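Right after this note come the structures.
There are two complexes below, and they share chain A, which is joined by chain B in the first and by chain C in the second.
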Partner chain A sequence: MTTSLLSVSIALSSVLLSGVGSIFPAPIQGGLTNGNTIDALGILIFGVILLAASMLNTIFLIWWERKLLGRFMDRRGAMHVGYAGLLQNFADGFKLFRKDTVRPRDADSMGFFVGPTAYLVTSLVIFAILPISTGWNSGNLPLSLLLAITIFSFAPLFIFISAWSSNNKYSLIGGMRSAAQMIAYEVPILLAIVAVVIVSGTFSLDTIVTEQQNYWYWGPLFLAMVVFVAGMLAEMERIPFDLPEAEAELVEGWNTEYGGMMFAYFMLTDYVRVLLGCFLIVLLFLGGWTMPSWVPSAWTSFPLAGIFWFMLKAYAVFTVFVWIRASLPRVRTDQLLRVGWNRMIPLSLVSIVLAAGLVLAKCLPVFGCLPNLGG
Partner chain B sequence: MAGAQVEEKTKPSRSILWVARPMLTAARQFGRSLLRPSTIVYPFERLEDPKFRDRVGIGSGRPIGVGHIWDNYRGVHALNIATCISCNLCAFSCPDLCIDMVTVPGGDPKHPKKSPQIDYGKCSYCGFCSDACPEGCLTMTTRYELSVTKRAEMVYSPQKLQEVFERKLPMNPVRVERPANEDAILLEPLLCIGCNACARDCPTNCITMLDIPKVEPKPGEKVAKRIWKEPVVNDSDCVRCGTCISVCPKECLFWGIRT
Partner chain C sequence: MSEMWINMGPQHPMTHGLWNLRVKIDGEQVLDVDPEMGYLHRGIEKISEDRHYNEVITLMDRCCYVAGLSWEHLYVLAAEQALHVQPPERAEYIRVMSDEFQRIGSHVMWYAAFVQDIGLMTPFLYGMRDRDLVLDLFQSYTGARMTYEYMRVGGVRNDLPPGFIGEARKVCDWLIDRFVEYDQLCLNSDIFHKRCDGLGVMNARACIDHGITGPMLRSAGVRRDLRKDRPYSAYDRLEFDVAHAEAGDVTARYLVRMEEMRQSIRIIRQTLDWLEHHPGPVLAQELPRWLGAPYAPVGREGYLLKRNYPKGLGFSAIEEPHGEALAYVVNEGSEHPYRVKFRSPVFANVSAARQYLVGYRIADIPPIMGSVDVCVGEVDR
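And now, the complex of A and B:
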């Protein structure tokens, strides 16, 4: 068994607890070094590490988007805080942190505050489910893909709750759009996943990645990938499907009434979800942390190589997202619905049939012969 | 129904172009600005730096005969207090009434020296004041970095404007030639009481009070007893500031063409 983040944190916690316990008399020491306490603290450490890592990643992701988008627009993006503006987002976050949280008088205080919190929390939980590299998640759940997608699609509910309780027409329209949009993209996304599941034969993300050892799925399941990426764009509410935010028409969409730290929550969560979307695409179609065999083994065997390649792929996917954001205009609601129902659903059905055909004809290994598809 | 027809015309091939074409454009732009975006990193680089001069100057539509855009820029004023004659013309010509004439050292008690103080909170950088200045002591520089943290700091006293002058910043070369002014200060002699106010206040000292014997005796007098003084204006020194007209208690001075 390779080391996993959980085992590392449990080891850390046992070292910590035995160190601390040694200064206390026997009964307390016994309680501290008991297996359950160690496990509990280990899980806590695991959560903290995961949280810190995902937050840092998200903040770096925002920086990356700002820089890239700047180049696309013939400007520079963040420049001055930290090297090449790396610390700009921390400065922005600090500024937002110092601001007051203003609640509109007629807003529903429960929904107004619970909405963003639940939005953030449900998005962060998914990090604990997605495997980043072999064993670097909390455990190999048999249905992790289904669980991740389910939690991922909670978001429109919380967006709608916070939009509704803001008591503002722009927020409400944004929330409505978010809910309407969900119906359009959720079905094709699930159908595209079905194609992946047919080929891999499992709902476990770990196994899906190991199945891709020989051939990444983007080749055989290209159609499903296109549908999935388009659906993810809508799920993450990014341009061209950012109707719920549509700052040109709706002020700031469903987060119009949020300022200060609450706005920072929303902003952060948006990018957390983008990062998760990139992770999912990498896991399902780009082979996760595996690399094709023609890559020199020195490049894939250094410590944490899996995480390195995984992150590299995730950021490459995100770069494409930024490219799309820099290029495409926002679609109208009816266009989004038409794309969802008229194009994406038929395409995903076709991709399911294709996937089934590939499995039945047993011609999947053919793709393993093409070196650029992995192998 | 019309909308439905339009929708049916949207063929898949076209909708793929709808995605592909802007993405290509964006990629091209990305490649172009990858190494060097057009942005100038302002506090560290400036448009007027030599390395940008050619790039910005060419094709940026510079006005003929006026040099580059940054040479033409009207920024903070520079004032040479020593040559200011306190003529008030700058304050007169300011459309925003942002010039106050304040006392500066160098005058005498009777005839205090006043120089312009400019409120940059109101100034529109029109340059009328520097065009109006007859001595060329109020000019505009090309310096544009004027941000301050307090509103009071926006008011530049003559001394502060003098500091700008002493820093020898590049001057805005555009200065409208003062047209030859045909108007002259004329006198209605019958009203003049010879009070000397105009001669005292003339910033260029171009008014001399000349003794002019009154030929006509006053009613009740047999002969003219007093020698009357009357102002005589030296037109070539006069800067046409109008101070004499405004100080005259009898309103006997006026603009006109000297015949």
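And now, the complex of A and C:
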């Protein structure tokens, strides 16, 4: 696929600008049709398309989770707004949008408002970095994996800022838990990524996916994937690792004091991060947008086939997450820390050794022979 | 973080009602707790002194909103003793069956709330779904799903509707399968054991010292059950085992309640068999006129009787789903009870909170308090 989202956006911007420019006198027209202006507007359009697409996806994700959870719980989930409740989340969003944002009197106004906003923005930025198909990102950065993970792990900082500034004891405890949790899962996640980097030899997500043309990494790097998925569950703060917002004891933890649109920011960002987590898992271990060669070529050659398969995999991963949420209780903070330090870090170290061994022994192509692993 | 007091309640997801648990914490560690009750006090005992004997039953439904029939049973037993009334045998069996269905309803409700406390979402809805079947049964013979007003001094208000026994048997069969499902969702999960084993331990001595009764006491290894030790109604004619466990922790309380539900099904099946073959009256025939038929207008004539009606004292003790509930009714010869006093098991169980909460973590409070099964309606009355 040669077209990319960025080139489409720039082409769109050039059409727009030349059309608009033709009604202006020459000097302004020249300025408008200048290559820099076209690029600038093109990048803006790219951003807007990306934002809209990711938001729509996030909202659909919430709907999918509600429906799935409903089925797991022997009920039907949202049913009344839109077909099968598809528009329910829009209704909920508009309700929150119309509500006042109430700031507690003793809360720190700076941190109280900056926290959620930064939380949302830093999470959305990652969509520009993650490729969802060839060319469908802002550019093939050589260190895109590192950048994505770095921005991804900003979140506990902002959670902590908003928790502390809302001046509520539950929020404070939730924020503390979030910070403690970060230490426990951030290290194993990074170590698991090291295994991927060893096998693929690159930090670029595009290249990692192209390297998986022959075999997806979940086969050779199964251990790393298990660690990564468990760490991601904690990173996304989902059951069984949703201690910072444990509703039973902490009344939603760090977002206790937030209402209206500020709460919507948190809620939305949670799911943005879930979507990002699923994307990362698909990119690193499930072959991104590539499909095994035994899949009929007609299934992989239609327009936007890459995006289709990528999203399908991402939603499949998310379905597993919902399944986990529907069937597991929540662990305790000390238990999570113990799992993080005593189990996940050693396991991720073992997975690094395994990955290095596989590369050194040159037995990676073996996995290409197994048809169900791809290749 | 320094030490601080936080209020878990009166509006808090952990409380399952309207009460306040003040907790002194250092980080995640619980240093001290202080349960505060009384947010739901309605003065039921005092109001009872101004009501006719059968009107007090309405208040009993409000005592515990998940075990209304058990509390009705408690009161009518004491009132019958005070008024020297003997209910017919069929009424006794219907009461026992209602009690046991109520126990299942209450325990299933407890299960739903408890799993929610440890973060399990799905079984919550399974519990609520299955409780509805029990409520449907109640609706079919009492007409209500929550505030039944079904038992009467001297029997019960009406007989079971036709076809009830078959329906009840179906519900029993359905529920006994669901209990297996409940256990699979909880006991087969490692995280469940990580969250519940060894938490909130109360040994037998401490339980007895604090007046703790019911499943909490039995989970500490004490086989005390008023249905066996001081049989009332028809319990002496029914076969069942006393559920008990040894560990005294949250898991043990879970196991005890689950086993109690199975035993309840066993009791219900026996009562259904008996009820099927023994038709008869369900309300005593020789009642005082002002107690007579349900909804009989009670006017000035009631006052005429108070001079010549024999006085009496009534005491009853039943094994309510939460523990041992006691009632004391004083009949001074008028149509109102002179004094009514209840003993709520949950009040004693919650009052000992310092014993089983201090030393654990803040995340342990919901499972431990959940395993106590707090029903604030009967605590505050």
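Just so we're on the same page, the second predicted complex is superposed on the first by the 374 of 375 C-alpha atoms of A that agree within 3 Å, B and C clash if a C-alpha of one lies under 4 Å from a C-alpha of the other, contacts with A are read in each partner's own complex, and residues count from 1 in each chain.
Just so we're on the same page, contacts are C-beta pairs under 8 Å (C-beta built on N, C-alpha and C of every residue); 3 or more make two chains touch, one makes a residue touch a chain.
Keep in mind that this is a model prediction, so the values were computed, not measured.
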Which of chain B and chain C A:M79 touches, first, second, both or neither: first
Which of chain B and chain C A:D242 touches, first, second, both or neither: second
Touched partner set for A:R105, first chain B, second chain C, both or neither: neither
Partner chain in contact with A:W323 - chain B first, chain C second, else both or neither: first
Contacts of A:R71 with chain B and chain C, given as first, second, both or neither: first
Residues of chain A touched, compared between chain B and chain C (which is higher): C
Chain B and chain C footprints on chain A, overlapping residues: 72-75, 326-329
Contact set on chain A toward chain C in their complex: 69, 72-75, 169-170, 172-173, 176, 239-240, 242-243, 246-249, 251, 325-335
Chain A-facing residues of chain C, complex: 1, 4, 6, 8, 12-14, 25, 27-28, 115-122, 124-126, 129, 185, 189, 191-192, 194-195, 361-366
Of all residues in chain A, those that touch chain B in their complex: 68, 70-76, 79, 323-324, 326-329, 338
In the complex with chain A, residue positions of chain B that touch it: 7, 19, 22-23, 25-27, 29-30, 32-34, 37-39, 41
